[in-house]
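Chain naming follows the written order as A, B and C, and within any one chain the residues start at number 1.
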Amino acid sequence: MVAPQSAAAAAKGGSAPSPRGEWQFLQGNEACALAAVAAGCRFYAGYPISPSSEVAEYLSSLLPRCGGRFIQMEDEIAAMGAIIGGSLAGLKAMTATSGPGLSLKQENLGYACMAEVPCVIINVMRGGPSTGAPTSPAQGDIMQARWGTHGDHPTIALTPGSVDEIYRKTIRAFNLAERFRTPVQLLLDEINGHMREKVWVPAAEDIEIVNRTAPPPPSPGYLPYRLDNKLVPQLAPFGTGYRYHVTGLDHGEDGFPTNDPKERARLHKRLMDKISKFEEELEDYERVDVEDADTLLVAFGSTARSAMGALRTARSQGKRVGLFRPITLWPFPEKAFRQAASRAKRILVAEMNLGQLILEIERLTAPGQEVSGVQRSDGEPINPLQILERL
Amino acid sequence: MIERYEIRLSGSGGQGLGMAGLVLAEALALEQNMQAVMTQAYGPEARGGASKSEVVVSQVDIHYPKAISPDFLLALNPESFRKFGNDTKPDALVLVESTAYQGGYALQTDRIYCVPMVEIIMKLSGRQTAVNAVALGVLAEMLDFVDASALERVMVRRFPRSFEAANRQAFLAGRQYMLEKRQEDLHPRRFAEDVLDSGCEDLELHQSEE
Amino acid sequence: MTVNATNIAEVEMASYDFSKYIRGRYIPHIWCPGCGNGIVLKSLIRAIASSGLDLEKVCLVSGIGCSSRTTGYMDFNTLHTTHGRALAFATGLKFARPELPVLVVSGDGDALAIGGNHFIHSCRRNIDLTLVLFNNHIYGMTGGQFSPTTPRKSFASTSPFGNIEPAFDICQLAIGAGATYVARGTTYHALALDKLILGGIHNKGFSIIEVVTQCPVYYGRKNNQKSPAAALMWQRDHAVAVDRFRKMTPEEQEGKFAIGVLHNQPRPEYNEEYQKLVDRVSGRAS
């Protein structure tokens, strides 16, 4: 079997395509579950919610058979709490949900940011507000993923397009969570979560796995929130001889609550810096035909597939159209976008909502560039024709 | 060279359309090394009287994963034929369960084949469980880019062993029927009207156990 | 064992070195003078110390509120979580590493109002956690609002005309929801409390120890317990050992509450059941 060419192109920041492995025909949510296990996830806590439930269903079968733990909690909030507990115990932990569930999880998601507990949240997005259309495609959580919880905090969110990419980016989500000691969100949607497609499943030994760094040997001097130039402190699993304190309150390097303004400011700054200073390491995107593009499409997730379809047709008609597809959605790959958009007179942002990512794009465009959106919130996908007629 | 061929498999929820789509798409993607993407009705839509799955096939990358205007439609019951037949291509190939074809449709295509798939499976096993396998057998003989042996391999792989014999028989029966009909060299539209005239027995559709 | 009025008196106060279990650098604590939380904290320490547990492994999880600050002062693996969610975090911790002893400290508002769902489901699931629930009948941290255990007609900062809501009976709620060890103690009967907590630690399953404690500042002041000592005297006069309580007529029980082990009935524990499932399916293909 031969590794897919497209994997090589999109592997920036992900694991390299491997010579060993096999093609499998998988559903998006299924690929996500399989990749989580391949990435070393051994703890899942969740609550049923469409359209993400297959992630839980597959993991309820996979985890007990590979030394992992699967628990269905009493609600979304409990699920988020439980994965934080599981992660502090030393296991790679995840949950899966959708828009309303993410709303409920936000407080504990913020806790994971503050207490710096690595974990992965799969969000198979819906629209909204409220219950919305539980089984229809939408991309309603672009801003919720970024700003849903209160206070200042960085966010890492990835948006794969194909099922093959879901597999690879799920692994990357775990690697980033461990690397940066922070929650990472993987945003899917009803289309790529439920569609089935060919996936290159690499041999286990060819998958790059990042684990949280081992803490120093137990000693009273262990600082779970140590400030040094690495910016990401080492995390000791509970019950292994460190006896430290974890809290959602502003805390000092020892983890104990503090009211000292200097200590508090230092903590907040480090929490922001530990992501913002590594944006190049985090950035992940695809640019197609942007060199001469006077119209630039911006789309992500399954909508980017429609954008690609529209781009191919438009190019065959001689139109100079390019595509910028963010794969790391947060932090938004600003530099790469600005480069891609440098020649564009028009920027067209396609998203299955009434205008969320477009706000970020408007912030990043130069004066004189016209920004408009192809938007849809009626539960139907944006198809290539709908984009094409705007080109 | 197939750039984009859209197949829609429809019927009532529970007739195994998701499984049929999965077997077809996986066979094309993994066994025949083409590009194939499969989607299916989800949630309440998957349970109603008109449910569907779709397979988009190509020899180049597939971007948009859903059918925009199907090249091929399977309809296993009247509701799905009514609901999902309207946006088919003018020259679409249509395979309808005989009891589901009630005439008077606004379809442009005259390539409509009525096949008594329910009758075939009832004669074979007395149960409708594997009507989706019969449909795949017929489909395999209608679409020349579909390799029947690839479908069979995937069917064996994807179903529990206890289903293997019944599915194989049903699949073969579907193929057999189509091979024989092809000998008769009937004009498709006439073929459909013939079935209508013969007054095919009205068989009640049961939920399959898959 | 059953704690009753007779053997409560038999328990002796040891001359105790608490410093070994306390993060002295974070003392003084934030609790008000006369608060019962310190009494519970010391009882917790005595219970853990006598339990034979490996101190390096002991985990202590709390939510938000006055009682939940307990975790910070105790020198174990401590996790101070979000409001009401201590049991959810603790469930994750315990489920990930069942060999760790996990205790949870929470208050009446934390565990029964905002965290009520986790409370009943932890009881039902019977996961091996020991919950020490500080019941001071009030939200202390936020300034004395009424809670799900504030007695009817009590005054609180949000019931200036008297509380019109009935209170939960925490222990009955826990028994109904399936907890396998349910006990109630008071800060007045501090030494008996050690044994109740110890019983919870030893129970393989979900254990809850309700501790009736005093909030002199926000509850006592407004409700005829003019001093911390008066609040303790109220406990002394209203708590009845469970064996004796059960022999009393309903009229005699009126206004009193039972203390001791109210319920102890083992049931399959969650982690053990999960392990059985793993043994059954491991090595199985999909």
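Definition applied: contacts are C-beta pairs under 8 Å (C-beta built on N, C-alpha and C of every residue); 3 or more make two chains touch, one makes a residue touch a chain.
In this text, all values refer to a predicted model and were calculated from it rather than measured experimentally.
Q: So that we know how the chains sit together, what is the shape of their touch graph: line, ring, star, complete or other?
A: Topology of touching chains reads as a line.
Q: Most contacts: which chain pair?
A: Chains joined by the most C-beta contact pairs: A-C.
Q: Centroid of subunit A to centroid of subunit C, CA atoms only: how many Å?
A: Distance between chain centres, rounded to whole Å: 39 Å.
Q: Would you kindly tell me how far, in whole Å, the mean C-alpha position of subunit C lies from that of subunit B?
A: Spacing between the chain centres: roughly 62 Å.
Q: Can you give the whole-Å distance between the Cα centres of subunit A and subunit B?
A: The separation of the two C-alpha centroids amounts to 38 Å.
Q: Would you pull the subunit B residues touching subunit A in the complex into a rising list?
A: 22, 25-26, 29-30, 35-40, 42-45, 61, 63-66, 68
Q: Which stretch or stretches of subunit C touch subunit A in the complex?
A: 23, 26, 56-59, 61, 71-72, 75-82, 85, 87-97, 99-100, 117-118, 121, 274, 277-278, 281-284, 286
Q: Quick one: in the complex, what on subunit A touches subunit B?
A: My answer: residues 6, 23-25, 50-51, 134-135, 190-192, 194-198, 302, 305-306, 308-309, 312, 381, 383-385.
Q: For subunit A, which residues count as touching subunit C in their complex?
A: Going through subunit A, the ones touching subunit C are 43, 45, 61-62, 64-65, 67, 69, 71, 73-75, 77-91, 93, 107-108, 111, 218, 237-249, 256-257.
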